[in-house]
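First the structure, which I've put down as structure tokens, then a few questions once you've had a look.
We call the chains A, B, C, D, E, F, G, H, I, J, K and L, going by the order they appear; numbering starts again at 1 in every chain.
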Amino acid sequence: MKILILNGPNLNLLGKREPDVYGNMDFESFFGKLKESFKGADLYYYQSNVEGEIINKLHEVGFSYNGIVLNAGAYTHTSVAIHDAIGAIKTPVVEVHISNVYAREEFRHKSLITSKCIGLITGFGLEGYAMALAYLSNKTN
Amino acid sequence: MKILILNGPNLNLLGKREPDVYGNMDFESFFGKLKESFKGADLYYYQSNVEGEIINKLHEVGFSYNGIVLNAGAYTHTSVAIHDAIGAIKTPVVEVHISNVYAREEFRHKSLITSKCIGLITGFGLEGYAMALAYLSNKTN
Amino acid sequence: MKILILNGPNLNLLGKREPDVYGNMDFESFFGKLKESFKGADLYYYQSNVEGEIINKLHEVGFSYNGIVLNAGAYTHTSVAIHDAIGAIKTPVVEVHISNVYAREEFRHKSLITSKCIGLITGFGLEGYAMALAYLSNKTN
Amino acid sequence: MKILILNGPNLNLLGKREPDVYGNMDFESFFGKLKESFKGADLYYYQSNVEGEIINKLHEVGFSYNGIVLNAGAYTHTSVAIHDAIGAIKTPVVEVHISNVYAREEFRHKSLITSKCIGLITGFGLEGYAMALAYLSNKTN
Amino acid sequence: MKILILNGPNLNLLGKREPDVYGNMDFESFFGKLKESFKGADLYYYQSNVEGEIINKLHEVGFSYNGIVLNAGAYTHTSVAIHDAIGAIKTPVVEVHISNVYAREEFRHKSLITSKCIGLITGFGLEGYAMALAYLSNKTN
Amino acid sequence: MKILILNGPNLNLLGKREPDVYGNMDFESFFGKLKESFKGADLYYYQSNVEGEIINKLHEVGFSYNGIVLNAGAYTHTSVAIHDAIGAIKTPVVEVHISNVYAREEFRHKSLITSKCIGLITGFGLEGYAMALAYLSNKTN
Amino acid sequence: MKILILNGPNLNLLGKREPDVYGNMDFESFFGKLKESFKGADLYYYQSNVEGEIINKLHEVGFSYNGIVLNAGAYTHTSVAIHDAIGAIKTPVVEVHISNVYAREEFRHKSLITSKCIGLITGFGLEGYAMALAYLSNKTN
Amino acid sequence: MKILILNGPNLNLLGKREPDVYGNMDFESFFGKLKESFKGADLYYYQSNVEGEIINKLHEVGFSYNGIVLNAGAYTHTSVAIHDAIGAIKTPVVEVHISNVYAREEFRHKSLITSKCIGLITGFGLEGYAMALAYLSNKTN
Amino acid sequence: MKILILNGPNLNLLGKREPDVYGNMDFESFFGKLKESFKGADLYYYQSNVEGEIINKLHEVGFSYNGIVLNAGAYTHTSVAIHDAIGAIKTPVVEVHISNVYAREEFRHKSLITSKCIGLITGFGLEGYAMALAYLSNKTN
Amino acid sequence: MKILILNGPNLNLLGKREPDVYGNMDFESFFGKLKESFKGADLYYYQSNVEGEIINKLHEVGFSYNGIVLNAGAYTHTSVAIHDAIGAIKTPVVEVHISNVYAREEFRHKSLITSKCIGLITGFGLEGYAMALAYLSNKTN
Amino acid sequence: MKILILNGPNLNLLGKREPDVYGNMDFESFFGKLKESFKGADLYYYQSNVEGEIINKLHEVGFSYNGIVLNAGAYTHTSVAIHDAIGAIKTPVVEVHISNVYAREEFRHKSLITSKCIGLITGFGLEGYAMALAYLSNKTN
Amino acid sequence: MKILILNGPNLNLLGKREPDVYGNMDFESFFGKLKESFKGADLYYYQSNVEGEIINKLHEVGFSYNGIVLNAGAYTHTSVAIHDAIGAIKTPVVEVHISNVYAREEFRHKSLITSKCIGLITGFGLEGYAMALAYLSNKTN
């Protein structure tokens, strides 16, 4: 069972960026912990600030992996192209956000991609990635 | 540890209503299963079709329980009063929807209550309730 | 053949309220006349000012009665929950309004529920209830 | 007692056009049946695809006939001129649509003409014309 | 010097239609008076309820007449085609409305055609036609 | 002289709920003080979280009492039904809000009910109820 | 018979300002010509760039003069206060614009004041003032 | 204790202007009565039709007076500058309107200044000024 | 193989109207050339300024011809009725515009009819008609 | 004569992605066929999922090639930067879409780039690329 | 070389008003410093809270001075008249704001006047005036 | 002191692209001049057409450089991701545009990034970069 965690723009700064919103753990450390908790699955991690590289990665794994956990960051609110890429692949995608986007600025309330995902988990901090993995693990077992 | 599952309008028809959208298990049976899985917590269940009774229940448990899992059904999209009730109580609330509301009619894309909840879980079927309970159990342990 | 006439908020004041808009006959008297005209059907009447009680009643009769004539009053313009309730039951529903709602204030021009009903009859005064009953009688005979 | 049934654009294709929406009976046959059912009234029928010819006909009969049953088709959603014509004549007009226009595309939810009619009957198939005639017969008797 | 007065839908009912808004003189009588006042010009009059016939008439006279006084009635608010027709011809067009359209319903506040006319005169009753003629006479003299 | 103070959803939590916005006195204590200040009038108090029960109460007292002071809470912004209920009764209604709703979230700036009330008093804390009572006392004396 | 011509902001620059839009005659010279043409009336002229001074002038003459020709310039599109002032006085007001405001920027298409004037004349250059005076002269004779 | 009553555009016409909306007492007479009722306070009155003069006055008294009762008239709906002026001074401001602005035209429903005032009193006629004074007197005592 | 070229309002003026936008060849001459280029097909041409006559023609040929090339002119932006007519017939329709409508006024950016056509060709001048014919010839061969 | 076909995001999946919408031929095979049909021109092909790489390519060929056929995929609806790039180069660009974008989701109806292209061809399947090439070949010959 | 610094409403309170937003130096002191720094130019300063007086000043200097630095304060967001005044004069105008208006309330994000200015400098505190003067000095040297 | 000038899409074409809007000097030449004028600072220059590469660069220098001058070109109007990147770094950012974006197309009037920058300088041509550098030099000295 192969699952990719795919992070979008500015998430490489996790731990450095607005720690009151996003916490101060960097994602690589967190990813190490996740791998320990989900030993039954092969977990992969990829991050990019380039919209098109996120699409490339979705295409690359989207016909062979068992699941994708996607936090598209700010592209969530502007990218029809990622919406289309999710609709074009076979692998199920779960959308995750660290913060509760509906409790922040108005422009973060609209997601262009949720309609093509299985579902959305938002507001539970980094724990949201674990919830998504747990769901995908159960489902694909 | 006391946790309430609180369901809003029309969710009493689960299993009878649009089974292609909501599945065909009634909620009481599902609740029995949940109680078996979460033996460390006292789970309670309440459902009402009346907006004001949902508010009454939030007030009743909202200063003593450890968590509330709320699926406000259609009132999600129209009730400022439930938004205010969640903001007025102390107990943390997790919002759940069975279907992916963002893949359905436009008027279901707007939630008036998410901003006052910890977070939102939508699209994972009944499994979403279990995800919310797992989160609240961890948090309050 | 069982048919329910279901009236929403403020319709209990019929005859007392804005008689230039709604006439000055109270609904109970009118219902007596209707029963005489439609002797082939068992007619029932229920009125409530509480949105959730209207939903409760729709659930209660909506899997066994042959038809429902619904005047949801002001909830017509605000209730997604009643929209969902009509979509969740089996009994066909005909929407009726006494006045021509499109000739009144702008906010009365939008109905949230018509799309889940068989059809809409508006503007014909109390006669509209009789037209709806005539349609349902023919259909269910 | 003279009553005109006035149909707008594309209704001449009834029976040929989208039969799942509009049924497969042509209007002339249906009109024959209507005349048998309403022997106490002189029924007339006119159809045009030209907005201005519908206005001409409203002017022609609108000061002498006892009633008009109008299905303005697509002009319902765009014609201020027909709205004005109904407002300018004396004969009462009942608006009819065959399908439930509120359960179709968004742009069919707005009627520019209802506010000048006595009332609206929508969603009951061809039966809607009979309901309108019944109402006008009672009223003008 | 040839000038056409061109009236749109429902203006043939002048004198019969809503006399409190439009007065009770029919347009033919008024046109007789206008001809007496403007003896230096050849005045013509045409009215149609058909949008396309108004366009036909604009084309017919729009390359030879010296001026057109246009009251497009309700088509003022909906017709891009008349807007285009005025833009396509050579003869200058003055837009006239009898009533003050900005003191009536919201939908009458928007004119699609004024931008292609020389100017607009609205609210002065039938006197508006004379004001337009006076302007065109001066200009083309 | 009978006057009812009618409070809507979440106002039963006064004193417990967001004390920086609403203060920390519970309404029952405040009501005791009011009764002392307005000894010339019979004051009554009713609170409900159920929209329909607020309507029931308006109907119950709305043809015999001398005045109603209404704080409809969150229903202020969503309830056409309460708007209609106020329009249907005879007793004059004064709308009160404790906080300055125009200095809070955008969705609290729109009131659906003010147009049917005599007037609105907002932003003066609990003092607003006294101001409303003073107005009604003077008026009905 | 006393008639005031009242010009709003920037119209003092006439002749200097954007001559391709407004021509190159200054208003004082033009006013001299007008007085010669309308010898039967006492004509007055006032211009101000201050919104409140325009209101002051409307109040000052609005209960004794026979007519006002108002070109409120840019305040046309933003001033509710001038709208109210016109509604508060007795003297009839005719609105004039030199250019065809509907053929210019979008924000000039909306007039806040026309609904309180007798009518509007726009697009005829300085000639529009003469047309307005002619109308007022006829009317008040 | 010094309190200013500050009135905006057209309120100098009180008693002459639309008496069915505003009553027929002029403000000066009413102010005389107010001074008698509030002998414990030094009351001042200022009215201007000029937006900037209202701002000047707010600046002039806004660091030394104990309260301001402001009826900004039509500037209520258009003036960001008055909004800023109230936010810039120290003296508390109470907003008053004579009529119930929410029962009038749509454009009067939006106030740009309430969010910077303590509160709003609307719909109680001239009595509203007295209510505001009573509130300010109590508060500053 | 029968193909109709159907032109809407003002296209009869081609060659005379705004030659910088539409060129200066009249359509009849161009149609002669088209017939020479497409000898394998029977080409027909019809133009009308009347919306309803365009609908009539669509009905007349829409169940027997092999293709229709439609330039609906200004009705493109306003006609729900033509939208419905295309949806009601069997013959495939290709939409053509001579100019690039998206590089012109905002109101020309919205087409009500494209969704019912096979496709749209816009901006290639008269060549667009040839492109549409080439497509239809290939397809129906 | 050099012509570039430039495809945007997700078009590399052609043949694999939603075959009912886009057909099941991959673009490389189709491009081979195109080269055979257009032997008189040097055809080039480039695809990228990265918005900025599409801009880079437009810059690279946009001052020397004779034409560009651009299918910008989802960036069509969101990219002001591609709009600007087309406006900044010399080579003419023809916009192509495989499906009829106006018959799909609302957000695909708006193109940000058409106004800078010569024209648009949408809805004709892969054939649309050939139509664009034919046009460019004729034009640049 | 003559340059005017022109400040709009409430800027006379600089140093007293919201010092966290605007700092606590009064403008006169700052102006003294500016004059020292820009000895090569004749600097003038004018402030008014009256919209029309700002227009008067623009007219007065706008045909002879070499530059104007304009901070129109709140009128920036509401004044078409100042927009027109800038467009009517010859002297170049540079728009300055002390705070970053785009980081404040939504209604401050829209400027009605920038389009008629050379450019805009916002967010640099009082330093912004110096930047504008530096630009104008260079330009007019 | 290290300062980066960061240019977005299409700015590499400066000097070649629309010279009437952007002038005809290429940016590299201009950058040479800037370095001469600002010898006290280490100036760096980077341009990319790829949104994600602009974000990468902001991250790379955003915790060590003393200032960034950012002209995000068309991404200004569409990129939430750049908005977030500026908010996530420590280095102060000044936004610059060469042309006056508010005097161009409507879609250029909205900037998504200004709220996270210190301030904005727009409309002063290439000089704007120098103004930004001067500001940053002063500030960080």
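FYI, a contact is a pair of C-beta atoms (placed from the backbone, for glycine too) under 8 Å apart; a residue touches a chain by one contact, two chains touch by 3 or more.
All figures in this text were calculated on a predicted structure; none of them were measured in a lab.
Shared contacts of subunit H and subunit J, meaning chains that touch the two of them, come down to nothing at all. Separation of subunit C from subunit E in touch steps, taking the shortest path, is 2. Annotation: the K-L interface is duplicated by E-G among the options E-G, D-I or B-C, judged by over half of the residue-numbered contact pairs being identical. The two sequence copies subunit K and subunit L touch through a face in which the numbers common to both exceed half of the numbers used overall. Separation between the centroids of subunit A and subunit E, computed from CA atoms only, is 63 Å. Centre-to-centre separation between subunit A and subunit I, using Cα means, comes to 48 Å. Subunit E and subunit F have CA centres that are 55 Å apart.
Residue positions 50-53, 78 of subunit C are each in touch with at least two other chains. Chains touching one another form the pairs A-B, A-J, A-L, B-C, B-F, C-D, C-F, D-E, D-I, E-G, E-I, F-H, G-H, G-K, H-K, I-J, J-L, K-L. Of all residues in subunit A, those touching subunit J in their complex are 50-53, 55-56, 59, 63, 78-81, 83-85, 87-88, 112. For subunit C in complex with subunit F, the residues that touch the partner chain are 8-10, 12-13, 16-18, 48-53, 73-75, 77-78, 107-108.
Across the interface of their complex, subunit C is touched by residues 100, 102-103, 109, 111, 114-124, 127-128, 131, 134-135, 138 of subunit D.
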